[in-house]
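There are two complexes below, and they share subunit A, which is joined by subunit B in the first and by subunit C in the second.
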Partner chain A sequence: MWPVWSQTNQTSNRLCSCFLKMACQGLQKGETLATLKKECESLKKKLEEDRGKLNDVELHQVAEKVEVVGALSIKTRRVLKGHTNKVLCMDWCKDKRRLVSSSQDGKVIVWDGFTLNKEHGMSMPTTWVMACAYAPSGCAVACGGLDNKCSVIPLSLDSNENCAAKKKTVAMHTNYISGCTFTNSDMQLLSCSGDGTSALWDVESGQLLQSFHGHTSDILSLDLAPSETGNTFVTGGCDKKANVWDMRSGQNIQSFECHESDINCVKYYPSGDAFASASDDATCRFFDLRADREVAVFQKDSIVFGASTVDFSLSGRLLFAGYNDYTINVWDVLKGTRISMMFGHENRVSRVRLSPDGTALCSASWDNTLRVSRSFPHE
Partner chain B sequence: MTSNSNLSNMRRLVEQLKLEASVERIKVTERLVSQAAAELQQYCLQNAAKDALLVGVPTGSNPFREPRSCAVV
Partner chain C sequence: MTIRTARPDRVQHFRPRMHCLKKLEAMVVEMQDQKSGVKGSEQKLNVTTIPHVLTGKDIIAWIANKMKTTPEEAQTFSTMLVAYGYIYPLQNHKKLVMCNDSSLYRFQTPYFWPTQKWFAEDSDYAIYLAKRNIRKKGMLEPYEQAHYNHLHEWLNHKWDFIVMQATEQYKAGKERKKPDRVVFDCQERAYWIVNKPPRRTHSAIDCGPERLIDPNTDEKITFDQYRRQNMFYQQAIMRSKVKSSVSLGALVKYVTTYKNHDPFLAPCLPSNPWQTDHDAYWTLNMRRVDLPTKMRVERWSFSLFELLSDLRGRDDFKIFLKKEFSGENLAFWEAAEELKWGTAASMTAKAETIFKTFLAPGAPRWINIDGRTMGLTVKGLDHPHRYVLEAAQTHVFLLMKKDTFFRYLKSPVYKDIQKKALNPEAHNFSPAQLEQNANSRSPGIHPIILWQQEEEEKAKAAAASAPVDVKAMMSKIDRKK
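== the complex of A and B ==
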């Protein structure tokens, strides 16, 4: 960014002295020369002014006049018990009702969030199933972890049938799977790994469609851009970098290195123009993709434990962040301030996810449970 | 004449500078944080009414509510 500016400045300097030299080569059209010289100088000045505009403005300064968020009325409505060890990941089904969760206990459970009924329970050949995702159709789930593989399991309508038997290995990495998501269909799967790479796979054939290299350490999280904004995704990892990738070309199109420790989670803003990150440095940060820079830091002196997970509310105004001190902090994205805290979990919060219609928040924890929270009615 | 061609050269150079200035200005606008921030803010405000966790829900529309007790007639 800056080299472009100084180059233009140098160019305009050289051009101006060029003008003057050529002018002195016996030219009588003094007026025209003076006009050109003046124009040259005013253009230079304009370029300098524009350069001056590239100063850092924080998001909360722009949002000063926005009304403060009123008191939130969010309450835990369901507690999902069933896992026998830390719940590491969860995902919502598009039907806004079902959820899939995966745990250190090696199990993947599909729940009905309303009735608390466990619709499917599958045992994986490994403990620490660190990633799970629901297919867009609702007919399958993907999961992976210490087995270095990401598998897709079709969900049978017959509850007696053993789903795990139909498990199909799709992604293969050389280290643990830390995150996975289907793309816009059941046919493609994106995975990220402790091996520092992420990859796009064809589910049917298991073929590797594209691999993404650039991180210099474990990748801990990925998120796919909302479908309207095209084929990109963001990853964050132990190299403290958040990278944005073009799914088709495999190129790293943008990179942000602002955190002071591992990035545990990355999540796109609902419009797709920005994303947030949660880190072991006890902060969450907000990056705008068009401005190509960090625009907010969500931190407080009293928050000293690492943040492990983030998600936005439907409008993007609220940022829910789960921490290793067992709490969830709710941040005002525009103002950069903390609005409230959600308590209830008895161990680290490993994942928070908004339901597809934005009416509920599910949180998963090392206390072996998941909690579904919603706004309680106002009169 | 040499002087005419010099003049036209200079004019061409000024045009080039103008073009450069306009291109750089577009890039600046795109990268302006204040512009980007204004758009983020606009998205928030436009969608605020639909955000159940932000504004709450009207009574009776919560599918997760506690089941009401039934009276046996």
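== the complex of A and C ==
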């Protein structure tokens, strides 16, 4: 449990800048690069030891008493065709049926997934729109990509209206935008970028509220914590690290470096106490935030291609992971085994997302389509 | 001002993200083993006999056996072998998939395997297209013609060299025996289909925009980065951690609690809209329903967070609090949320209102928090920022979580709604009805309209619960007289 927040934001920011000052001071007497490196390594070792002392049981052991998930029969119920190039990202609306998708062709489309109706189609001034998000109110969408900016577009009830004309630039980075999400309201936007930073923005004014530094290379994905305080988020990047950040202070509070290659996607467990990551090393991993360590690795010898996206089912029991070999694997989070595979896409799966009430799974792919699937649970 | 984006120039050198290449190569080498590999045969293609041709189903069966997987998974893996260019199809050469039937395939020569070392160069492609042009004038496909024109334009300075190379290769090719020539042509064509895929197709070589880091270079860590890392590790060591048994137990408990609410694990009543095309499930669970469903009410009991996240549940909680005359805690929590997630411009005004309503001595909805927190909060309000109420909000939330919430669950308000909650019957549609449903899917209410309705309701509620201005009321009554 976090200690009660007893410092103002200003004090904490001051502390943060104190640390930075300390860090940037010239080498002290007796300090060399080598001594610092040695200290770093011994500290890292101590941290691992501490983590190890509390490691009294493994996840699959705790899960032994849990009953097995029966066979899942998952069928595709909708195929959304309309993009003329790879679909890179998608997000559901809170109304559980609408979704927004963005593509390499520069288009952002808002669909009613249930009726297959295309409600809005907006052209961005850039190709490779790599991130898109639906606002919690359902009244706007955000998107960004190679233009280094994340823009918010208010939607209207009129399908014929050109929504892109009212586009407003909110986030500005110095390299491509890889992920964006609204916070609990339409007024704030979190973005992460290939320039290695993520940032919190005020939508109305475009003001930068907080920036987060710590990754040493591109950040590829971010996710906001669903917990009751909603003050943290996790990012994953090309430096193989998954970092957890405090939105209030801008500090990196936890870091996990277990993957062997770029982390393509990170997603919180529904309770907010854990998260999963998907990586180019063909594994997905599960990290427990309270125990501060990796607790499961989802891998198989026959899975050779990178995983690009993950999402949990509503209860957190199932983990859906999309891979570069055009398939989606469904993993049992507690037991660590694969329950089933989903086929159907004709190119790599770029994004999987469960609908807000967990009734359906949408998968976006480089084969220019999106598919909405659901399972027939066996009684 | 445009900021010059630093993009890596790895034009001719590098494909850093294909870690799977080694494993794929190992597999392909094994597949070509004389004794234990896939059995090939000679096949007649047009007039020529081509050696070492394999059928799709043989390849898939071999892989399924080798990797001990299902045929579908083996088919996926072999499709990737084709997509990367290790195996190429003889018929239907533009579609890079492995078909589980008697379609014919051949192993690509290692010279044309994808490699991390070099990228398919534009000048090589130009030579290839020029060669094709020499052989069969005007027989380039439209997309190839487009590439050719483009290359002709920007490689113009080298064009003589390119044409010369193409002619040389063409002549050398003519001197080969016919079967060898056909085989080589197929291989070369396959290589270029993978590296320059036809329009509206993709191959596995296409990786998306380059990432900025070059994983092959050693990371040079400067001393300030080390210092930062050391500080981070020191803080991480000091932070309290929980035993695995405790935290993992909590994760398992979460799964068990929500198991019946997960539409992928348990059926949802009356039916999953995506399955039956009937949206009753969504209509019954809308924001403002008179009677919620039993599952929804059960979910409110899981945690205070669930109860407050579901606005219908929050309404019910408010009814309970009203009866207890303790609604100010929740009101304060809601106001603090509005402040935290609101626009930057509105913060000062909101902070002031909150202070006047909840925190000032003698305020109309004064919240009862401990002196220290109150002191800190009031002090912070001198320079309000969005997290100024964090301490107070957490305190109030914990109070509600540990005390009020449990009393709510035992209260007649909750028990009443539990009794009254709906338990919809499972739909049982006939195939004809299902077809009808599919043809008449309801568009539902647009979220923008719902949002507008919500805003109106909120404004009404705020007006209704605002503390009564006695003076204004008195003057109104006086005026009426």
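One rule holds for everything that comes next: the second predicted complex is superposed on the first by the 317 of 379 C-alpha atoms of A that agree within 3 Å, B and C clash if a C-alpha of one lies under 4 Å from a C-alpha of the other, contacts with A are read in each partner's own complex, and residues count from 1 in each chain.
Definition applied: contacts are C-beta pairs under 8 Å (C-beta built on N, C-alpha and C of every residue); 3 or more make two chains touch, one makes a residue touch a chain.
What you are looking at is a predicted structure, and each value in this text was computed from that prediction instead of being measured.
J.: Just checking: does A:D273 make contact with subunit B only, subunit C only, both, or neither of them? Give me first, second, both or neither.
T.: both
J.: Give one of first, second, both or neither to describe whether A:A165 is in contact with subunit B, with subunit C, with both, or with none.
T.: neither
J.: Figure out whether A:N347 sits in contact with subunit B (first) or subunit C (second), or with both, or with neither.
T.: After superposing on A, A:N347 lies in contact with subunit C but is clear of subunit B.
J.: Please indicate which partner A:L314 is in contact with in the superposed arrangement: first for subunit B, second for subunit C, both, or neither.
T.: Touch partners of A:L314: subunit B and subunit C.
J.: Counting residues of subunit A touched by each partner, does subunit B or subunit C come out ahead?
T.: With both complexes superposed on chain A, more residues of subunit A are touched by C.
J.: Using the superposition on chain A described above, determine whether A:V68 touches subunit B (first), subunit C (second), both, or neither.
T.: neither
J.: Across the two complexes, find the residues of subunit A that touch subunit B and also touch subunit C.
T.: On subunit A, the residues that contact subunit B in one structure and subunit C in the other are 1, 4-5, 8, 19, 22-23, 27, 33, 36, 39-40, 43, 46-47, 50-51, 54, 56-59, 62-63, 66, 69, 72, 77-78, 114, 269-271, 273-274, 288, 290-293, 295, 313-318, 333-334, 357-361, 372, 374-377, 379.
J.: In the complex formed with subunit A, which residues of subunit C make contact?
T.: Interface residues on subunit C, with respect to subunit A: 3, 5-6, 17, 19-20, 23-24, 67-69, 72-73, 76-77, 79-80, 97, 202, 204, 206, 208-209, 211-213, 215, 219, 221, 223-234, 236-237, 239-252, 254-259, 261-268, 272-275, 277, 279, 281-282, 285, 303-305, 337, 340-345, 373, 376, 380, 383, 385-388, 390-391, 394-395, 397, 441-444, 446-451.
J.: Show me the residue ranges of subunit A that touch subunit B in the complex, using the header's touch definition.
T.: Residue positions touching the partner: 1, 4-5, 8, 11-12, 15, 18-19, 22-23, 25-29, 32-33, 36, 39-40, 43, 46-47, 50-51, 53-54, 56-59, 62-63, 66, 69, 72-74, 77-78, 113-114, 269-271, 273-274, 288, 290-293, 295, 313-318, 333-334, 354, 357-361, 372, 374-379.
J.: Can you list the subunit B residues touching subunit A in their complex?
T.: By the definition above, subunit B touches subunit A via 2-3, 6-7, 9-11, 13-14, 16-18, 20-21, 24-25, 27-28, 30-41, 43-48, 50-65.
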